[in-house]
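Two complexes, one shared chain (chain A), two partners (chain B, chain C).
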Partner chain A sequence: MVVYALFGVLALVALAPVAIALNASARATALVYSASLMITLIVGTAALLALTGYDGAGSAVTLPLGLPWLGAHFRIDALSAFFLAVINLGGAAASLFALGYGRHEEFPGRVLPFYPVYLGAMNLVLLADDAFSFLVSWEFMSLSSWALVIAHHRVRENLRAGYVYLLMAGFGTLALLLAFGLLAGAQGNYAFDAIRAAHPSTGLAALVLILVLIGAGSKAGLVPLHAWLPLAHPAAPSHISALMSGVMTKVAVYAFVRITFDLLGPPDWWWSLVVLAVGGISAVMGVLYALMQRDVKRVLAYSTIENIGIIFAALGLALAFKAYAMHFAAALALTAALLHVFNHALFKNLLFCGAGAVLSATGERDLEKLGGLIHRMPQTAFVFLIGCTAISALPPLNGFVSEWLIFQAILLSPQLPSWGLKLMVPAVGALLALSAALAGACFVRAFGIGFLGRPRSDEARGAQETDTHSLAAMYALAALCLIAGILPGLFIDTLAPVAQMLTQGRMPVQTGVEWLSIVPIAESRSSYNGLLVFVFMTASGMIAAFAIHRLASDRIRRSIAWGCGYPDPGPLTQYTADSLAQPIRRVFGTLVFSAHESGEMPPPGSTAPARLTVKMRDPVWDTLYAPVADFITYASERLNVLQFLTIRRYLTLVFMALVLLLLVLAIWP
Partner chain B sequence: MALIHDLAFQGAQMLLVLLLSPLLTGFVRKVKARLLRRQGPPLLQPYRDLIRLMRKDVVLADNASWLFRVIPYLVFAATWVAASLVPTFRSGLLFSWTADLIAIIALIGSARFFLALAGIDAGTSFGGIGTSREVMIASLAEPAMLMIVFTLALIAGSTQLSTMAAFMNSPEVGLRVSLGLALIALIIVAIAENARVPVDNPATHLELTMVHEAMVLEYSGRHLALIELSVMLKLLLYMSLIACLFAPWGIAAATATPAFVAVGVGAYAAKLAAGGFLLAVFETSIAKMRVFRVPEFLGAALMLALLATLLRFVSGSF
Partner chain C sequence: MNKLTFDIAHMLAGSLVLVSFMQLYQDRLSSLINIFALHALVLTASVAWQAFVQHAPHLYITATIAFVFKAVVIPVALRRIVVKLGIHRELDNVVGVGLAMLAGIGLVALSMVVMLRVTAEADPLAREDLAFALSVVLLGLLMMVTRRNAVSQVIGFMSLENGLVLAATGAKGMPLVVEISVAFSVLIAFIVIGIFLFRIRERFDTVDIQALDRFRGERQ
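Presenting the complex of A and B:
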């Protein structure tokens, strides 16, 4: 199996020179994306089959590449099979979407060669079974996605996004490098098998956990390491944004799960405290940021931070349960986290594709210039609505199922003996509940302002429905959202081997339950049946519609909307994205963003417009990034003198450095 | 045979909530009117209103999309499904395992999500104002409600409403601090969710003071009838929820004899009447809040519910 996956990666990487050779013709676009679609579909299906038929061993191969004494180890076990399936599903959807969307690309030569390499690198990270290949693939993934972020490098913002991304990616990889260095120990056993066998001491494990949280967390977008994400994800072409947000953040989640659950040995209870806190804060901060954005792709990028926060909170719960050997509860929390990984990959891909379709139809990403698209792009609006409903965790779609499972896991946590967790878990539960409610508000805003109402610009007025390939990709994702929502039992059962491998526990088999309900613990305790909710809702809605149309009235008249009797006031009087979020900004933003509104009224009798100014600060940027950037600027200005020394002084410096190093060696025990 | 029996009770419950909810609203209106020394409309007036509305033409705003026409059915369906899963006079409903309390709350959330979208669809500022305020209220009421559910679920050891009601009816419950806090929080949330005074005024005629009414301002005819019916169903749902969790006396068990079922029906009617009466008294004795007072009001509910959950986590005896 692993060999075939490696062949898939090889084929993807081989597409890059083909793309370059074809010199970005229209044929190259079609070829690269359709080939990527085929390969990711095949690898994804194979991974899914490997997961369902997982025998507890997996398959491994060692190639004579990389470090000479190590070789390159590759392996597929349940965990990597699951993530392979998620990533290749997302990759396939993005490729199908790009078959249509990519035709609008202005400079295909800057996208096509990197796209398959990026997909291949993400696959390779999941396959890697030693630290060296892992880090090399990780860096490949970062660099190829960086190249895609600055594909449109004439836009100044994109360059800045690329710069910040490169810095943060380098920083994250450094943290992971140090983490693996610590894990490998003095002998330098970089193979995962050796790391797994050697249990590090408590202090060392703590350090590794923090480093992993920084390394994987910065890639995943955990607050406060998220600063690059809302810049970089929207800057790339939309199908790349979909991959970065829907898929690459999942690779980061994989790195975190692989190291903390698999390689690092039995967890301490306080690890979960850190992970829970970071997850809960990311969830709420992410969605609050999202509510304040006007750019629809930035809204989606910030909502990724929220969902990553939810996933990490569930992972934190799983760690807590695992630390106290509550295997069943750990399996429940881990399954919930992984199910949310899958669900988020589906709806975030869908939403970014929808945003891409809007972008190519109108040339606008600014919500304040959209509106009324449901009339001109009815199909895109329909699938985008499904994505919005799913991500807002509303039944009967899939987002609700994973959040429901997380809440069920939280309800098991009073049995945890530690006091810190007894206080932390309900607080995180409240944060998750708050973020779920705010996510609903956020996507009412994103969909309502973008697609409903009247168009706010000529571009929105003249929009056309998007092409069939893009629609096919979005319909496929929307259908999967619905299927995962009404038949969650299938997906939970598929995840059982992963939970078994990482927590030694498993949830009850769901597919045998009557009526296809899901019963995580016991039927008297809790159960949910998405299928029946869906059927009941459809049936009662249809019965109501039928009865009323048949027995009462089915006539419709059109008229102007109610405007207190004033003549039609024009589309600019509609609520805007900013004004819709104003009450929430006032309730939460004054605390979090120090939001401050000041109104300026013209004197009585004057016809000048009144002005409202809103000032907001980004607390994370201001307190964490700005001081670091200031310090680096300050230090580099001070050290600037070193660039203008004479040769004698340089030689003196070299000599002194040598003496210093020798002294250190002499004193070193 | 047992299946048919259960199915009959489930069907009876679905019809009961549907048919009873306008009566409850009519009753609250009547009591309110009497408290204001007015005669008030007859008890059955809501039924007449609904039927009249259903027979009228729908007048759609020029810009209204297909979604605007689908939303009333979606909202009605979600609310009706949620309302039919809360035990009223008899527990052990056939489909009670379809959705536990968390899912019922989320179903109401779905209804609200779509209604909020409908507010924006017509492209007027009144709809926007309603939506904007509604999502602000929801962003505090929903987490508060979830924390209440957490508290109750931790006490009863289940999120399944039938199990919870049975537990609350057993002598194991006793008087608990967390239960008291949860009850206060639940009442606040219920008032906000149902757009009652002091959070919102269901009888207002001034657009700028509206929240719920502003969102549905563009609806007319059968669409409006469905939305009104959903509002009535939601009020009934919250009353039934409070009754089945905090006053579960008289709810007939799944195995009860017809006599007990009759007692259950009587007890349920008495509880609804008491709840409706208290709501009317509360509404007449308090003024509507300014919109930005509402977050403080709901924030109090959130804090109370969080405190209750924390107490439950800290010790099982609270």
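Presenting the complex of A and C:
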């Protein structure tokens, strides 16, 4: 299996020179995306089907590449098979979408060569079985996605986004490098097998945990390392944004799970405190940021931060249960986290594709300039609505199932023996509940302002329905969202080998439960039946529609929209994205963003418009990034002198450095 | 191992360090080139002895390369350059001789301490050899740092490379191809540096590298 997956990676990477050779013609666009679609679809389906067959050992291969004494180890076990499925199915959907969307690309030559390489690099990260090939593939993934972020480099913001992204990616890789260095120990054996066999001391393990949280967390977008994410994800073309947000963040989650659950040995109880806190804060902060944005793609990018927070909170919970050998509860929390990984990949892909369809139809990303699209792009609106429902965790769709499972795991927390966790877990639960509610508001806002009402600009008025390929991709994702929501038992059972491998526990088998219900703990405690909810909702909706149209008048009456009493009922007098966010901004914004509103009324008799100015500051940027940036600027100005030394001075510097290192070696105990 | 073979290897490597010290206090270019030729001769002897001790015939080739290029071709060529440039009487020293010698002694002590600690398990011949080789490398670097004239820097670089060859032959099982490529890279470096010397001279009328710094604009 691992060999076939590697061939898939090779085929993807080989597409890059083909794309360059074809010189970005229309044929190249079709070829690259359809080939990527085929490869990712095959690898993803194979991984999904093979998932149940894997235990801890998996299938491995060692290639004579990379470091001469190490070679390049690759392996597929249950965990990487699951993530392979997520990444390749997401990649397949994005490729299908791009078959249509990519035709509008202004500079295909800047996108096509990097796209398959990016997909291949993500696959390679999941296959890597030693620290060296892991880090190389990780960096490969970062660099190829960076090239995609700055594909439209004439836009000033994109260049800045690329710059910040490159810095943060380098920083994150550095943290991972140090983490692996600590894990490999003094012997420097970088194969994962050797790392797994060696158990680091408590202090060392704590340091590794922090480094991994920084390294993987910065790629995943955990607060406060998220600053690059809302800049970089929207800057790329939409199918790339979908991949970065829906899929690449999952690779980061994989890195975290692989190291903390698999390589680092048995966890300490307090590890989970850190992870839970970071996860809970990311969830709430992410969705609050999302609510304040006007750019659709930025809303989606910030909502990724929220979902990553939810996933990390569930992972922290799994760590806590694992530390106290509560295998069953750990399996529940881990399964919930992984299911949310899968679900988020589906609906975030779907939503970014929808945003891409809107962007190519109107040329607008600003919510305040959209509106009324449900009449002009009815099918896009329909699938986007499904995505919004799923991400807001409403039944019967998939988002509900995973978040419900996470809350089931939270409800098991009173059984934890430690008081710190007993207090912490419910607090995080409250944060998650808050973020779930705010996410609902956020997507009501995104859908309502974007698709409902009357068009707010000429571009929105002239929008056309998007092409069939894009629609096919979005329908496929929406269908998967629905299937995963109705048949969650199937997915939970598929994840059982992963949970078994990482927590030594497993959830009860779900496929045998009657009527497709899921029973995570015991029948007496809780159960959920997605099918029943779906049937009930469909039936009651149809009965209601039937009743209204049959029993009441079915005449359609068209009249002028009510202008709320304004004399000039232009489209701009509608409810806006900012006005929808205002109550939430007033409640949370003053505290979190130090938001400040000032109204300015014209004097009586004047016909000048009244103005409302809102000032917000990003607390993370102000307190964390700005000082670091200032320091780096200061230090590099000081060190700039080193650029202009004489040859002899340079030689002296090298010489001194050598002597110093030798001295250290001589007096090292 | 025979006590005598060890002693002779020890003596030859030690002499190489000694000759490096001699280079350090030669501030006249023509005599510096002579000492460099001596350096290469001692290296040749040392490599040949290693070839004899280790029964490694390919090391004789290394010794021959060292002799032909470093003891004959390069010194002759350097001398011609120096005469052609008319700087064979020039004095060249930045740091005082005493200070340079003191620093050199410190470096030798340092490399002894480091090498003897690091290679505790290696066999004694290789250990001593490596320690001396590191000293020669460090002394070569020291020479490059303390000299101002480009020719003496070239010589510093070449003697540094001699230290590397000493280390390579001391360790058993170094493939011949590596040594040959090292030897040729040195030759190429010599050619390149030689060309540069003439170019520098043509342009700036001197091979004092401080002149270069002046022309880069940050010194007046």
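Annotations
Note that in this section the second predicted complex is superposed on the first by the 631 of 669 C-alpha atoms of A that agree within 3 Å, B and C clash if a C-alpha of one lies under 4 Å from a C-alpha of the other, contacts with A are read in each partner's own complex, and residues count from 1 in each chain.
Here, contacts are C-beta pairs under 8 Å (C-beta built on N, C-alpha and C of every residue); 3 or more make two chains touch, one makes a residue touch a chain.
Here the structure is a predicted model, which is why all the values come from computation and not from measurement.
Residue contacts after overlaying the shared chain place A:T646 against chain C, while chain B stays out of touching range.
In the overlay built on the shared chain, the residue A:C353 is in contact with neither chain B nor chain C. Contacts of A:L394 after superposition: chain B is touched, whereas chain C is not reached. Contacts of A:A121 after superposition on the shared chain: neither chain B nor chain C is touched.
Of the two partner chains, chain B is the only one that A:G541 touches; chain C does not reach it.
The larger set of touched chain A residues comes from B, when the choice is between chain B and chain C. In the superposed model, A:P414 makes contact with chain B only, not with chain C. In the three-chain superposition model, chain A touches chain B and chain C at no common residue. Looking at the complex, you find that chain A touches chain B at residues 371-372, 374-375, 378, 381, 385, 389, 392-395, 400, 404, 407-408, 410-411, 413-414, 422-423, 425-427, 429-430, 433-434, 436-438, 440-441, 443-445, 447-449, 452-454, 517, 519, 523-529, 532-533, 536-538, 540-542, 544-545, 548, 552-553, 555-564, 569, 571, 573-575, 579-584, 586-588. Of all residues in chain A, only 644, 646-648, 651-652, 654-655, 658-659, 662-663, 665-666 touch chain C in the complex they form. Contact residues on chain B toward chain A in their complex (touch as defined above): 51, 54-63, 65-67, 73-74, 76-78, 80-81, 95, 97-100, 102-103, 106-107, 109-110, 112-113, 116-117, 119-129, 131-133, 135-136, 138-143, 146-147, 150, 153-154, 157-160, 163, 207, 217-218, 221-222, 225-226, 291-292, 295, 302, 306, 309-310, 312-314, 316. Chain C meets chain A in the complex at residues 94, 107, 110-111, 113-114, 117-118, 138, 141-142, 144-145, 148, 209-210, 212-213, 216, 218-219.
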